[in-house]
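Next come two complexes built around chain A: one with chain B, the other with chain C.
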Partner chain A sequence: MTFNFKNVYINDVATIAGPYEKKGPISKYFDKSYSDFYFGEKTFEDAEVKMLSESVNKVLEKVGKDSADVFISGDLLNQIISSNLTALNLNIPYLGIYNACTTSTEGLILASSLIDSKKIKSAITSVSSHNCTSERQFRYPVEYGGSKPKVMTFTSTGACSAYVSNQKSNIKIESGTIGRVVDMGIKDVYNMGGVMAPAAAQTIYDHLKDTNRDISYYDLIVTGDLGIYGKEILKKYMQEVYNIELKKYNDCGVMLYDLENQDVYAGASGPACLPLVSYSLILKRMMKGELKRVLLVATGALHSPTLVNQKKSIPALSHAISLEVVE
Partner chain B sequence: MDKEKYKKLVDNCCPKENVLINTIKSFFIGGFMGIIGQGLIDFYSCVFEIPTKDAAPYMTITLIIVGSLLTAFGFFDKVVSWANAGIIVPITGFAHAMTSAAMEYRKEGFILGIGANIFKLTGSVILYGVVAAYVFGLLRFLMFGG
Partner chain C sequence: MTFNFKNVYINDVATIAGPYEKKGPISKYFDKSYSDFYFGEKTFEDAEVKMLSESVNKVLEKVGKDSADVFISGDLLNQIISSNLTALNLNIPYLGIYNACTTSTEGLILASSLIDSKKIKSAITSVSSHNCTSERQFRYPVEYGGSKPKVMTFTSTGACSAYVSNQKSNIKIESGTIGRVVDMGIKDVYNMGGVMAPAAAQTIYDHLKDTNRDISYYDLIVTGDLGIYGKEILKKYMQEVYNIELKKYNDCGVMLYDLENQDVYAGASGPACLPLVSYSLILKRMMKGELKRVLLVATGALHSPTLVNQKKSIPALSHAISLEVVE
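Moving on to the complex of A and B:
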């Protein structure tokens, strides 16, 4: 299902990042980054809320507004508590959403639909993830050090907000594709790249089919958080199943960290991974004129520890957003 | 593409874990831990002039304290990612799993936090350890008369 949007623009974005991201190759593009995991708060959960609130305040400051019509936000924690508590401090009408690591594009699609149908004029869409809060919820206590397989990805720490409205800017949200849930039978909780690659492939294919475009239409296609091995799986899968060769393609999980020197296994993951890279590096490149059309394909593993313990495989979902530079 | 074929594609793209090297490394590190344990037993039985049997619990307590302290200072998880099972399987691993859970849930209070979660990872070790001790104790009694 693909929507075309006529009059929706990203006015500005804000990115707040954690310590590993700070040491990564694109840290100079973030609005702010912290050197530890607590950010001066008592718990990791409070730290995530602080980071998310800061990203919202920062984007409001950048666009010079004090509010928006709707705040749409999601994160990885149970009951999306980081978003809920951020919304409590904001006093803006709030939609809380969850699609795991594809929440960022889900939020953009929802905001764009509301704006394009003239229900609202502006929205802030946000996501956050924190390595320590999600690690303890989905895996083990933070200080526990069981041995980690090479295919595992490292949950990124970051909060990203975008101010989206009908006011013209250089970056237009041109269309969005809502993905379908895919389950290819992978049960390995460490291999999320393998779980999510078919969902990304299906959404890219759906998007190209719905919009009647060739893959060469885009200057760059980025997936969310497949990691180094997931990226290779997607390329091969795309070729074999849809006969599409991914050339101008990269994965944000591979771009966020220095994989040679940082101990992050197969790369970054988490809802903040795609916006941390695309709201910083990719938008900058679009503003400079190096890229004109970009397809953001966030990828989410709809992972539940309960279902995995019950020996069920992990379903995945992916939503895409197409961004274009307007002269 | 069917699920079987996809699983093959995934397996081809992903790196294999080096089981042989990991096993050898764990074997030697685990063995080294054994030497340290034996050294501690000899040390305690010599210093306190007690029988070897009585010195063993002192050794266990020492290793648990060291494992817990290293966890609290944030070193242990880094050592494990290098030493793997060599250091997780001995009693140090048990101490590490318990302490890391306790640290994690401290913020949720002493009863519902630490109390309810300290054995989150190690609960199964305790349960099946007790069951196994009971079963083998019974077998020993039936076969050898105690």
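Moving on to the complex of A and C:
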């Protein structure tokens, strides 16, 4: 299901990142990054809330506003607590969403739909993830120091907010595709790239079909957080199942870190991964005229420790957002 | 923030309930109810997924369709797993949402907005809760048998789906109000009614102000799951803070069970509570002409065991939906 949007723009974005991201290759594009995991707070959860609130305040400062009509947000923590507490501080109407690591594009689709239909004029849509809060919730506390297989991705630490409105800017949100849940039967909680690749493939295919476009329409397609192995799986899967060759393609999980010199296994993951890369490097490249049409394909593993303990496989979901440079 | 909807209707609803609900006073209005907590499944989680899937299939059967454009769903479980697995079975574009026990009205607002703006023609919007899955996740396993204070509410077991579209029916979704997060500093995980009452009050006030209506406009206002003590707190709070007297008012947490003869403490709670009551008894009363205008004010405690263990208080949120009978 693809929605076309007529007058919806990203007016500005804000990105706050953690220590691994700070040491990565695109660090200079972030609005702020921290050297530790606590950010001066007592708990990792407080640190994540601080980071998410800072990203909201930063984007408001950048667009010169003190509020927006609606706040749409989600994160990886149970009951999306980082978003809830950020919404409490913000005191504007709040819609909480959860689609794991495709929450960023889910939020952009919902915000764009409400603006396009003139229900609201502006929205802030945000996501966050924190390596230490999410690893202990989904697998083991980081302090436990368990060894990891090479296909494992590293949950990124970051918070990203976009101020979206009907006020024209150079970055138009042109359309969005809502994905369908896919389950290929994978039960390995250390192989999220493999879990998510088929969901990304299905959404890219659905998007191209719905918009009657060829893959060459886009100057760049990026997936959310497949990592180096998941990225190769997606390319093969697209070719074999849909007969589509992914050429001008990359994965934000591969772009966020220096994979040769940073100890992050197969690359980055987490709901913050795609917007950390796309709200910084990719938007900058669009503003410079290097890219005109970009498809953001965030990828979410609907991983549940409860269901994994009950021997269930892990479903996946992917929503896409098409961005265009306008003069 | 209140949205007005021009051509959005509830075409039909489906309600599946558990054993306590089956013994309650409005049992005869449910489409189906079970006598135990397992429904023939091996785990409580599987039981909840079965119930939610059945409610979706039932509403599709009732409207004579085999699909809808979008599925919008949420539930109480971490990572909203019941909704994810129902979406997997359904294979239609899926938006996962989480606002605790106000998820039902959040889903109706989003579905109605997308239909009203002609982005989609139809949506299924669903919620579920299961006493045994949620009690062990949020407090203690039910089998532990801990004693409870009298202000405690009892998480309802039920799944509710609404088929919403632009096709005219007798029940129009007239408007919806998105709430703001409130935190009164309460840390007692056994007093959700007290936590949520101020959020409900704020949303009722916002709704009346946005629509320029007097409280007497509605034939009935129902809150989601405040229970007998929360209901009294809301009435006093509305009077004292907003100078509004709640007369034609009830709480679904009070209506779902026979509070004198069932061992359910202060009444029902959970995201299924409000739709179990409103999609059965209240819609029936609207169809009979006994009620013309009803305001559904679902109430969510954004309760997190992690944050409670970190000595944080519990925020709350409430979204409202206005229903009207049309000829």
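Note that in this section the second predicted complex is superposed on the first by the 327 of 327 C-alpha atoms of A that agree within 3 Å, B and C clash if a C-alpha of one lies under 4 Å from a C-alpha of the other, contacts with A are read in each partner's own complex, and residues count from 1 in each chain.
As a convention for this text, a residue touches a chain if its C-beta (ideal position, glycine included) is under 8 Å from a C-beta of that chain, and two chains touch if they have at least 3 such contacts.
Owing to the predicted nature of the structure, the values given are computational and were not obtained by experimental measurement.
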item: Chain B versus chain C as contact partner of A:S117, first or second or both or neither; value: second
item: First (chain B), second (chain C), both or neither touched by A:K236; value: first
item: Chain A: partner with more touched residues, chain B or chain C; value: C
item: Touching partner for A:G24 - first (chain B), second (chain C), both, neither; value: neither
item: Contacts of A:G145 with chain B and chain C, given as first, second, both or neither; value: first
item: Touched partner set for A:G194, first chain B, second chain C, both or neither; value: first
item: Contacts of A:T43 with chain B and chain C, given as first, second, both or neither; value: both
item: Set of chain A residues, in rising order, touched by both chain B and chain C; value: 43
item: Chain A residues touching chain B - in the complex, by the definition given at the top; value: 42-43, 136, 140-151, 184-186, 191, 194, 198, 229, 232-233, 236-237, 240-241, 263
item: Residue numbers on chain C that touch chain A, as the complex places them; value: 1, 3, 43, 45-46, 69-70, 74, 77-81, 84-85, 87-88, 91-100, 106, 109-110, 113-114, 116-120, 178-183, 302-307, 310, 315, 317
item: Chain B - residues contacting chain A, complex; value: 1, 3, 6-7, 9-10, 13-15, 17, 22, 71-72, 74, 76-81, 84-85, 88, 96-97, 99-101, 103-105, 107, 120-121
